[in-house]
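Labels for the chains are A, B, C and D, by order of writing; each one numbers its residues from 1.
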Amino acid sequence: MCVDKNVGRSSCKIIYNNQIAEGVYEIVFESASISSLAQPGQFVNLYSSIGSRLLPRPISICEVNTKEQWVKLVYAVVGDGTKEFSMLGKGQTIDVLGPVGNGYEVEACETSILVGGGVGTPPLLELAKRIEGKKLIYLGFRTGSYLVEEFKKYGEVQVATDDGSEGHHGTVITLMNQNNADGQRIYACGPKPMLKALQQWAGERNIRAQLSLEERMGCGFGACVGCVCKIKAKNELGYTYKKVCKDGPVFDAKEVLF
Amino acid sequence: MNLSVNIAGVELKNPVMTASGTFGSGKEFEQYIDINRLGGVIVKGVANKEWLGNPSPRIAETYGGMLNAVGLQNPGMEVFIKEDIPFLRKFDTKIIVNVVGRTISDYCEVAERLQNEDVDLLELNISCPNVKEGGVAFGISPQMAEKITNEVKKYAKQPLIVKLSPNVTDIAEIARAVEAGGADAVSLINTLIGMKVDVHKRQPVIANKIAGLSGPAIKPVAVRMVYQVAKAIRIPIIGLGGIMTGEDAIEFLMVGASAIAVGTANLLNPRATMNILDEIETFMKTKKIRDIKEIIGIIE
Amino acid sequence: MNLSVNIAGVELKNPVMTASGTFGSGKEFEQYIDINRLGGVIVKGVANKEWLGNPSPRIAETYGGMLNAVGLQNPGMEVFIKEDIPFLRKFDTKIIVNVVGRTISDYCEVAERLQNEDVDLLELNISCPNVKEGGVAFGISPQMAEKITNEVKKYAKQPLIVKLSPNVTDIAEIARAVEAGGADAVSLINTLIGMKVDVHKRQPVIANKIAGLSGPAIKPVAVRMVYQVAKAIRIPIIGLGGIMTGEDAIEFLMVGASAIAVGTANLLNPRATMNILDEIETFMKTKKIRDIKEIIGIIE
Amino acid sequence: MCVDKNVGRSSCKIIYNNQIAEGVYEIVFESASISSLAQPGQFVNLYSSIGSRLLPRPISICEVNTKEQWVKLVYAVVGDGTKEFSMLGKGQTIDVLGPVGNGYEVEACETSILVGGGVGTPPLLELAKRIEGKKLIYLGFRTGSYLVEEFKKYGEVQVATDDGSEGHHGTVITLMNQNNADGQRIYACGPKPMLKALQQWAGERNIRAQLSLEERMGCGFGACVGCVCKIKAKNELGYTYKKVCKDGPVFDAKEVLF
């Protein structure tokens, strides 16, 4: 079955919700519409069921299965909202809206480089599945790792950790340099410092890079103009504000002003 | 069952509108709701020229509410006229343009430019707490509020709603002033001024430091102000502030609002207005209210 | 770790106090908490004579907050002096008396009567929205606020805190006025004015119609006002409004409050102040803050 | 085990929570302190776990078992708070504070009359258990009935319903009149019109009656002075305001000004 319409905020049944690393959870829920509409790099809004916490928690889509109609997300517990989600279990429901956002533009090329940092790695999984050609996958973590085995199905995976607990001791960027990583397209998601470094890295090599940004959101579907980032523009200021939730979260690295 | 209400000569098919800044010009909602069902759409603030808005972060969550300091980012009236009016005109609903400016002449320029455009009502926003220029100052002084209303009236062809700030000692006084200035209706409330600190980072959560508080947390303040204003003026009132449900909407009608606007609730659930409409209809059916006007202002 | 703070020459062992009207004089809390741990107890409003208060219902729940229109029911200063001071003096904490009145001379009478009583500080309540007489009017006009402060100062032996109303256009202006009038400190905020309607019964939920809104819903407004007042005056500030957790308390300290008071949270959990104290201590430990004064007013 | 201190707001484990009549639930939870301290006519505060609903929901104690350390309440679903409670299940927890309030003064006499209306009947159960002597128990309901079998263990039960669906068709007062009910003490809990009628009934017969009142509460333990009722006083007005939660909920019928 294929659903061609984003059905808005609705209650989805949880298939499972497990811890996969210290403070990191993988949640899988049923959704015909999201699983059939989702594009890599898009996200969903999760909502708290506690009346005092109103705003959406945007979480990137990690993987979907259109046939079995499920959606997988991976999220870190960083505050009250994600903590609440982590306590949900199989059979319970969660309010979800999506898919939202402008995902990665998947371009065919010989070698694609995928770079993820921390909870920025999950959205690259569905992407890795869908890109054709050779894929060099660089995953960075503070400590430990997750999803690495899944990624290995789709490409050559290299891991870097800040504390050296796994793979290369250092950042993904130093690892990429060390490996003389080379390709025609870069797809990245992760913390701002990583994206900034990648912007430079790609710029120096003149490789097209697509970066997925984060910002605090009011609505998560383009209505409030609350989630803006600076995008280069030909005006006096040299930039304009674009919505991360609607114009992004994925932007061309050349456009982004950090 | 009759849900229609009249605001300054404009007949709305029902009293449910969308609050400025929380619905864009409706494009983001088209896939979720039937815009034809809305009594009216109050679009986001429109200035004479493009406004960039405030830096990020612009949004914070608070207990039962949210803070925003968008700072009225908008592409200016020409883009609005070219893109948003034709979009909205596809639907059978009223178009209300929220007008913003830095000086009185900015406001007048927008009103004048809209004279021959297909717009049903203007809403003068003199109450945005998120921009340093003009806006706020006009909303907190009765003299200034009366003056700007009076000036803009000279250029406005459509009836003029003035949107009031709740950040004042005596909102009834401001309402009387804009009524004296020639306003055809008032809308209230805009956001309360609030602030939130990230105690870990030791800095305000919002780049602009102070921001506008909206959402269900502020509803009791909004209901009280609508009640007070309803006792003070004779022009119609559009009530808003924290409306999440049909019963919330009815509270505002009962204290004297002729119509209501849904703000933050749109952001939390794009179908909020439809649910609210359904709930109002159910309420009327259950209570055997044939005309919504029966309950407007029934609280003494 | 040093948690002590100084308000107008009075050393509090820590910045956590109880807000007036939400802790009685502490008797109801004795079985739940160790009153000795509190920096201070701000008792319920005390008038020169017994006040009956408002009719019932006095309380309503709102989204993330509550409305109250108790109307300062209190048995008058003589009963207070006979029963409550001796009770509170059993504990090692500061006693702050919230003084209420209808006329300036009412307030002065209470201040005078307390001159030789064992009380550490007075808090002048010129901001209760629930009584028609006097109270409110003094809190919303800078001239009146300065005048009453000045008059009461003539009779007060203890340092005088003036409690400010948030229902004003410019709270910094009122704060400057009471500073000029001789206030030794200010506390803010009192409740916002709100209202709630029972749409089924078609009447206000509260008998008094309008009431004071408190609780976590109003915290962003309170934080913003403390921030603004801290920039405007030099006397110390006691911050309150919606404090539920240690981090909430720290927000107020960071924007410039020297101490804080816990109000509605006491009603929802009588152990709230103890939890807040524990959380402040944990925060200081985690962040290696040795003296609470290090973080007071660190937000620019 | 006997606990001699009200432990404040604390989380209690639910043993069961079942519907016993249309929209009426019986909840039983574990609490050593409440079960050992409770007096008939006292109540507990139940708290919502939804952050937007802050105030306590006062519910009378229906029955306690000190040995097995449980507390039973019976409540009607009338709004969002009680609806939320009705959805809780075995093994889940609920925040409770209590026991609070000034319960019935249990006085030995030949015949006691207990009069309950609707959800005012439950608190009379623990009372019926503890009063000595003959007990005439009058229970009024809008439609149907509940707890009647339980009450039968402790006295002679008569039921009245507004719609005649069970027992006498009419109010408990008309039923009492019809039966020529007679006794030395009256204990009552129920809707205001019933209590008002009883006040008169008892006054005419010069029987001491204790009435349990209701009022909206801010704290439920005496701190906010929010829950007052009018009690006769020798002042100019003829009354003063007393706290239902602390001075009551049980007052002598002679004192109450409706």
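What to note about this one:
Simple rule for what comes next: a residue touches a chain if its C-beta (ideal position, glycine included) is under 8 Å from a C-beta of that chain, and two chains touch if they have at least 3 such contacts.
All figures in this text were calculated on a predicted structure; none of them were measured in a lab.
Identification of common neighbours of subunit A and subunit B yields C, D.
In whole angstrom, the spacing between the mean C-alpha positions of subunit B and subunit D is 47. Subunit C and subunit D have centres, each the mean of its CA atoms, that are 35 Å apart. In whole angstrom, the spacing between the mean C-alpha positions of subunit B and subunit C is 34.
One inter-chain figure worth recording: subunit A and subunit D are separated by 55 Å, centre to centre, where each centre is the mean of the chain's CA atoms. Touching of two or more other chains is recorded for residues 51-53 of subunit D. Counting partner chains per residue, subunit C has residues 63-65, 216 touching two or more of them. Viewed as a contact network, the protein chains are fully connected, with every chain touching every other.
Put simply, subunit D touches subunit C in their complex at residues 5-6, 8-9, 47, 51-56, 97, 215-219, 221-229, 237, 240-241, 246. Residues of subunit A that touch subunit D in their complex: 49-53. Residue ranges of subunit D in contact with subunit B, taken from their complex: 51-52. Contacts from subunit C toward subunit B in the complex involve residues 62-65, 67, 140, 167-170, 192-197, 199, 202-204, 209-210, 213, 216-221, 223-224, 227, 242, 244, 247, 250-251, 254-255, 283, 295, 298-299. Subunit C meets subunit A in the complex at residues 63-64, 216.
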